[in-house]
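Down below are the structures I want you to see.
The two complexes that follow have subunit A in common; it is paired with subunit B in the first and with subunit C in the second.
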Partner chain A sequence: MRKPPKPKAAFFDFTDCEGCQLQFANMGETLLELTELVDIVNFREIMSEAGEDYDVAFIEGSITTDTDVKRIKRIREKAKVIIALGSCATIAGVNGIKNRSPLDLAKQRVYGDKADTVNTIKAMPVHEVVKVDYFINGCPVYIPEVISVIKCVLMGKPYPVPNYPVCVECKMNENVCRYEKDQECLGPLTRAGCNSWCVNYGNKCYGCRGLVENPAVNGQKDILLKYGLKIEDILNNFTLYNDSLGEKYDPEFK
Partner chain B sequence: MKYAVLKKENLNKWLEYLKKKARLYAPRKKENLFVFRPVKDVSEVCLKYIPTILPPKKYYFPQKEKLLKFSIEPFKTAKAISEFEEFILFGVHTCDIAGIQCMDVVFRDGPEDPNYLNRKDKMTIIGIECLEYCDQYANCASMANHVPRGGYDLMLVDIGEKFIIHINSEKGERLVKGLSYIKESGETEMSALERLREAKKKVFKEEFNAPLNKVKQAFNQGFASRVWEDVGKRCVACGNCTAVCPTCYCFDVLDDMDLSLNEGLRYRIWNSCQMDDFAKVAGGEDFRKERANRQRHRYYRKFKYPVDKFNRYFCTGCGRCSRSCMAQINLIETVNSLAAEVKES
Partner chain C sequence: MTPNSSKQAYSKDVKVDVHYLTRVEGHGNIVVDVKDGRLTKCEFQVIESPRFFESMLVDRSIWEAQHITSRICGICACGHSLASVKAGEDALGIKPSEDTILLRKLLLYAEALDSHILHIYVLVAPDLLGVKSIMPLIKTDKPIVEMALRMKRMSDYAGEVLAGRHIHPISFVIGGLTQMPSQDGLEKLYKLMLDSRKDTDETLKIFKKLKFPEFQRPTQYMSLASDEEYAFYDGDLVVNGGSKTRVRNYKQLFTETVVDYSRAKIATINNKPYAVGALSRFNNNFEKLNKKAKAASAELGLKAPCHNPYLNTVAQLVEWVHCLEESIAIMEKILKNGLDEKKVVVSSWPKRSQIGKIKYKPNTGIACVEVPRGSLFHEYSINESGHITQANCVIPTNQNMGNLEEDMRQLVPLVLGKKTQEEITLDMEMLARSYDPCISCSTHLLDVKFV
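Coming up: the complex of A and B.
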C-alpha cells in the first residue's frame, strides 16, 4: 500500500503527573513500531528536541490557569488533530477535587499566605476550552486503547469511547464481582475501554474513565444498600476522579 | 454398552486419560465462585459446584472471536481460523447442556453459522447430574432442566462410591471403551439410579408459582405490566445478566487493523441488549432507551420470542442472571410477579 506522509506528533502536558506519557515511554517495541507511522517531534519525557511544527497534539493534563488557556488555544490553532490523553485531560480527573471548594479557599489551603501570588482558575478538561477530536480516558491510559485510537487517527476514523460500563468487560474476563467481596466498585457507572484492567489484578474500579452517559444513580444506591455499603464510601471514591461532575450527581446521591 | 460404571477413586485416572485425548475444560474454584478452565492439574477439577461465572458458552461462542483476515492492497480475504481443535467439556450441569441445545437451534437456523458449527463438531460434552439445588437462584425444575434431557455424549451420576455414566453417543462411547477401570453397569447400579431419581423428585420442585404454559400466557399479556417498570428502576444496565446467560448470543462485528494499516482481522464480540447504545440506529433513534424496556426485552427473549419461533424456552433455569445481578433483579420473583399480575386482571 502506498504510504501516506507520516504525520508529526507532539506531546504537551498541563496540570498532571505525566504518568500517561510514561505509559507511552513504557510501550517497548510497540513504540518503535509506532514511530514507523508517526514522527514524534516533541516529547520531553523521551527526547531533547522540541519541534514546534506538528499535526497531531497529545494533550495530557487539566487546564487550571489562564496561562494554560492561552497555551492550549495556541496549540489548537496549530494542530490538525487534538487528542486528550488521560483522566486529567478528558474529565479533569483528580484535579477536579479543587472545584469542590470555592477557589479562594482552595488557594488558601494549598498556598497559605502566598495564595495571592498564585494564578489559578477552576480545573477543566481540555474540551471545556478547545475542541477535542479524540479522547483517551483512564488514569493512566490503557495502552491497547491508545493504539486503537492512534490507528483511528491515522485512518481518519472517529473513535467512540465505549458508552457501556466496565462490568461488561469485567464479566467477559470472568472476574469475581467486587461487590461479592464487599468492596464498593465503580464499575457499574464507569465507561469501559480499559478491559477491566484494575479488577483483573484484584483491585476495584475507581471510576477513572468517567461516567457512562446515562448512569442509573438510583439503581446504584440500591446496590450499595444491598451490600451494606455507605453512600459516603462511594461518594469518596466517586469524587476521586469525577468531582468535576459532582454538581450534577451529588444531590442525587445524597 | 448403554450405562457404564466408574469408581470414584479412578476419576482422576480417567481425567488424565481424557486430557490426553483432547483439550479438557472443567470447572474449578475461583475465589468464592467457580469457572470453567483448561485442566492442568486434574486434582483441581471440582464436580460439586454452583454454576460457573460464565457458562461454558465461552468455548463454543468465545467472547471475542476471529472471523476473517484481510488485506487492503492487494485486496484479499481468508478465514481467520483454518482448523479448530478437539475439546472436551467435562462436568457440565444439565442446565448448561440445555443452553448448548438452545445455541444449536439458533446457529443452525439459516444462514448457518460456520464458526459455531465447526467448534460444535469438535466438542465432546460430559455432563454431571445435579442431585440437589446449587442455591436459591436456580429455576431448573420449572424449566425441566434439572434432569438430563439429551444433548450430551456422556452423563455422570454420582451414586455414592461410584459414578454411573450414561453413554449417549458413539463419540462418548469411545472415551469409556477399552478402559480396565470403566465397566458396564449391573443391576445394582441401575436400581440405585432409579432410587436416586425417585428421591430427586422430593428435592426439586417447580420454582415458579405457575406452570410453564401459564407463564408463557403471562408473557403474552404482560407487555405493559408494571413489573417491567419496577425492574427497570433497579437495573444499572451493567450487562451482567446477558454475559452470564447460556443462551444470550448477540454479538457485534468489528474490524481491527494491525499497525501496518494494510492488514487486519474481523472479529465478533459479545454484545448485550442491556447496553445503552444497543438499539440505537443511524439518525440517533433509540428503540429501547429505557432500562425497563431493555430488561423486558431480555425476559421476552427467554420466555416468549424463542417459544414462538423455535418452540423452545431460552431460560435454562441456571439462575446465573439473578446470581450475578448486583441490583437483586431476581428471575423467579419477576416471573412470579408477572404471572400473579396477569392472573389478577
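Coming up: the complex of A and C.
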C-alpha cells in the first residue's frame, strides 16, 4: 500500500523569544521521529531552505506591528491548519504587559526621541487577527502536550485545551498547596495541561496558560483575601500573562 | 533568504541583500552595497519587532524581574535569569550561599554547553559542509546528527534537573532555589556528562578537519576575568587582558549609540567597536582554561590571541570542553559532599505573612554574567516598595553589532573582484552567523529613562 504524502509543516515566529521553537529542537530523537511523519519545509531558526508551500503552520509569538498583521494574513491564506504555539501566540503572553501603559509612553521610555520611528501596535494573540485551528498554551510549551496536539493534527481531530485548573494536575502530583506554604499561586484559575510544571519545581503558578473559561473568581478572591492580600496585588499577578484578557477580568474583581 | 544574485562574476558592483538571515536567533538583514568597487553601505540591520521589556519592567515588583526577563530570550533564558537574580540581590542586599553559587555556575555551564552545541552543529556546520541546514544531513550523516542531538539533549537535561527546564528555568530565584535538584536526576546527569566525553572527542576530530574562512582583524576583546577561574559567573571586566573595571562601573567602560537603521544600539569602547563572546573570553582568559580545554585548543590549532572572527565557533568548541569538565568536577563535589538544603531553598517571593512587613531601601542593583554570546548586564533601580523604577539590560549581540559591521567593511574589499556575488553573500552570512547573533535579545532595547 502506498504511504499517504507527508504533510508539509512550516514554523513562523513573530514577536517573542523563540523559546517554543527551541523546545522542538530540544525534543532530540523525538524530533527525528517527527520528521518521518511530517516534512519540515520552513524553520528559519535552524534552516536556510524556505518552502512557501505548506499545509500546517506553527505560529510562535504575538502580533505587535502592522507588518505582523499583513504577514499572518498571508500565512492564513496559504496554510490549511494554523497552530498557535506558546503563550505569546495564544494569549499575547508577557508581551501583553506592554498594553498596560499607553503605547506612546512605552515607545518614549524605550526609544526616547526616536519614538516616532517605531512601528508598534497593541500586542495581540494570533486569533485576534486570523482564525486559529489549534492552541498549544504555555510559556514555554510543554512537549508532551505538543506531541498530543501533533497527533490530533495528523489524525484530523480537534484538540480540546483542558478547561479545568492547574490544581487538578497539581493535586495528582501530590504537591503541597502553595497557600498552605504561606505563598500565593494562580493555579486555581489557570488552564491545566502543563502537569503543574512550575509548582513541581517548588515555584508557584504564574498563569502562563491563560485562564479557564469560567474561573471561580469569587472563590479565588476569597482565598486571597482570607490570606490578607490586597485586590491590587492579585490583579497585578494576573497582568503578567493575561493582560490581553485584562479588560475582561478586571471588572469581575472590582 | 533572498540573495539578490547576479550571474556576472567578479563585478565591481555588488549588492548583498539578505532579508531575514537564517539559522540565527531572531530577525536580521545584511545589506552591503558596492558601486564601482567602492563600499557605500555595510549594515547588519536588526528588524525584530521591538518588545519593550525595559518599559514592561517599570512598576513591576523586583521579585518578578527574573520571571519576566527570562522571556527576553529562549536560548539565553538561564543567563538572563542569573543576571537578573544577581542584579536583584545587589539591589536588595541579599547574599546567596556557596552551595547556591555552585548550582548557579553549573546552570551557566549547562547553558553554554547547550547553546554552543546548537550553534556549532545546527547553525554553523551546514555552511562548512555546503548544505543549507541540518535536514539533509539526517539522511547523509545520521550518526553525526544523532550525536549532536545527544550532546544537546545532555545539556538540556542538565537544565531540566537543575532548574525544572532549560527554557525559562523555574527554580532559580533571588536568594537561592525554590527546590533542590533531585538526587536521581543528578546521578543520571553525571552519567550523561561522562558519556559526553566520547562524543566530545569525536566532535573534536570532525571539526579539526573542517576549514573555516581565513580573515584576520584584531579588535578590542571584552569579557569578565577572574583570578580564581575562567570567568562565567563573576569577575571584573577586561579588554585585551588589560586593566580591570568593576562591573558596577560598566557605563564608564563602554557607551551605546542609537542608529536609525536598526532596532539595536551600537556599543563602543574608546569610540571603537569591540567584541564579546567565546573568542573574547578565550583571548582574555586562555590561561585559566582547564587542562582538557587547553589540549582541545591545541588539537584544533586555536591560539590566543586569535583575530579571526570566524573562529568564534572553534572557541565555542574549546569552551564546550572546558564547561563539560568543570561541570563534571562540580557534580563530583556535589555527589560526594551533598548540598545544604537549608542554605539553598527559598521561596520565589516573600511569604504572605511577610508582605507589608519587609522594608525596602531605594537602591540600584547591577550584575554581569558571561552567557554563550558574551557579557550580559542587568541593572534595576527599585523604590521603597520594592518596585522597579528604571531598568537597563545590555545584551552581547548589541555589543557585537558594531564589530561585525567593521569586519564586514574590512572583508568586502578583500574579496571584491575575487569572488562572485553569491560567494560574497555566503561569506557575509557566515561571518554574521559566527557571532551567533541572538536578535530577540538585542531588541529588548535601549535605556529606560523613567521620568
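Keep in mind that, in the parts below, the second predicted complex is superposed on the first by the 248 of 254 C-alpha atoms of A that agree within 3 Å, B and C clash if a C-alpha of one lies under 4 Å from a C-alpha of the other, contacts with A are read in each partner's own complex, and residues count from 1 in each chain.
The definition used in the following text is that a residue touches a chain if its C-beta (ideal position, glycine included) is under 8 Å from a C-beta of that chain, and two chains touch if they have at least 3 such contacts.
Bear in mind the structure is a predicted one, so any value in this text is a computation, not a measurement.
Colleague: Following the superposition defined at the top, how do subunit B and subunit C come out on subunit A, clash or fit?
Modeller: On the shared subunit A, the partners fit.
Colleague: Where does A:Pro140 make contact in the superposed view: on subunit B (first), on subunit C (second), on both, or on neither?
Modeller: The answer is second: A:Pro140 touches subunit C but not subunit B.
Colleague: Applying the touch criterion given at the start, work out whether A:Thr15 contacts subunit B, subunit C, both or neither, answering first, second, both or neither.
Modeller: Second partner only, subunit C.
Colleague: If you tally the residues of subunit A touched by each partner, is the higher count for subunit B or for subunit C?
Modeller: C
Colleague: A:Cys198 contacts which: subunit B (first), subunit C (second), both, neither?
Modeller: In the superposition, A:Cys198 touches subunit C alone.
Colleague: Specify the angle subtended at the CA centre of subunit A by the CA centres of subunit B and subunit C, expressed in degrees to the nearest 10.
Modeller: Value: 110 degrees, nearest 10.
Colleague: Between subunit B (first) and subunit C (second), which does A:Asn218 come into contact with in this model arrangement: first, second, both, or neither?
Modeller: first
Colleague: I want to verify one number: the closest Cα approach of subunit B to subunit C after the superposition, in Å.
Modeller: 11
Colleague: Intersection of subunit A residues contacting subunit B with those contacting subunit C?
Modeller: In subunit A, residues 181, 227 are touched by subunit B and also by subunit C.
Colleague: Write out the stretch or stretches of subunit A touching subunit B in their complex.
Modeller: Subunit A residues touching subunit B: 1-2, 30, 33-34, 36-37, 147-148, 151, 154-155, 163-165, 167-168, 171-172, 174-177, 179-181, 187-189, 212-216, 218-220, 222-223, 226-227.
Colleague: Once bound in the complex, which stretches of subunit C touch subunit A?
Modeller: 1, 20, 22-27, 48-52, 54-56, 58, 60-61, 64, 67-68, 71-75, 77, 118, 122-123, 126, 132-135, 138, 145-146, 149-150, 152-153, 156, 163-168, 170-171, 173, 177-179, 258, 260, 345, 347-349, 351-353, 355, 440, 445-450
Colleague: Of all residues in subunit B, which touch subunit A in the complex?
Modeller: So the residues of subunit B in touch with subunit A come to 30-33, 35, 53-54, 58, 63-64, 72-73, 233-240, 243-244, 256-257, 259-262, 270, 272, 275-277, 291, 324, 326-328.
Colleague: Which residues of subunit A touch subunit C in the complex?
Modeller: Where subunit A meets subunit C, its residues are 13-23, 25-26, 28-29, 31-32, 35, 40, 43-50, 64-65, 67-68, 93-95, 97-98, 101, 105-107, 109-112, 114, 117-118, 120, 139-140, 181-184, 197-198, 200-204, 206, 227-229, 233, 236, 240.
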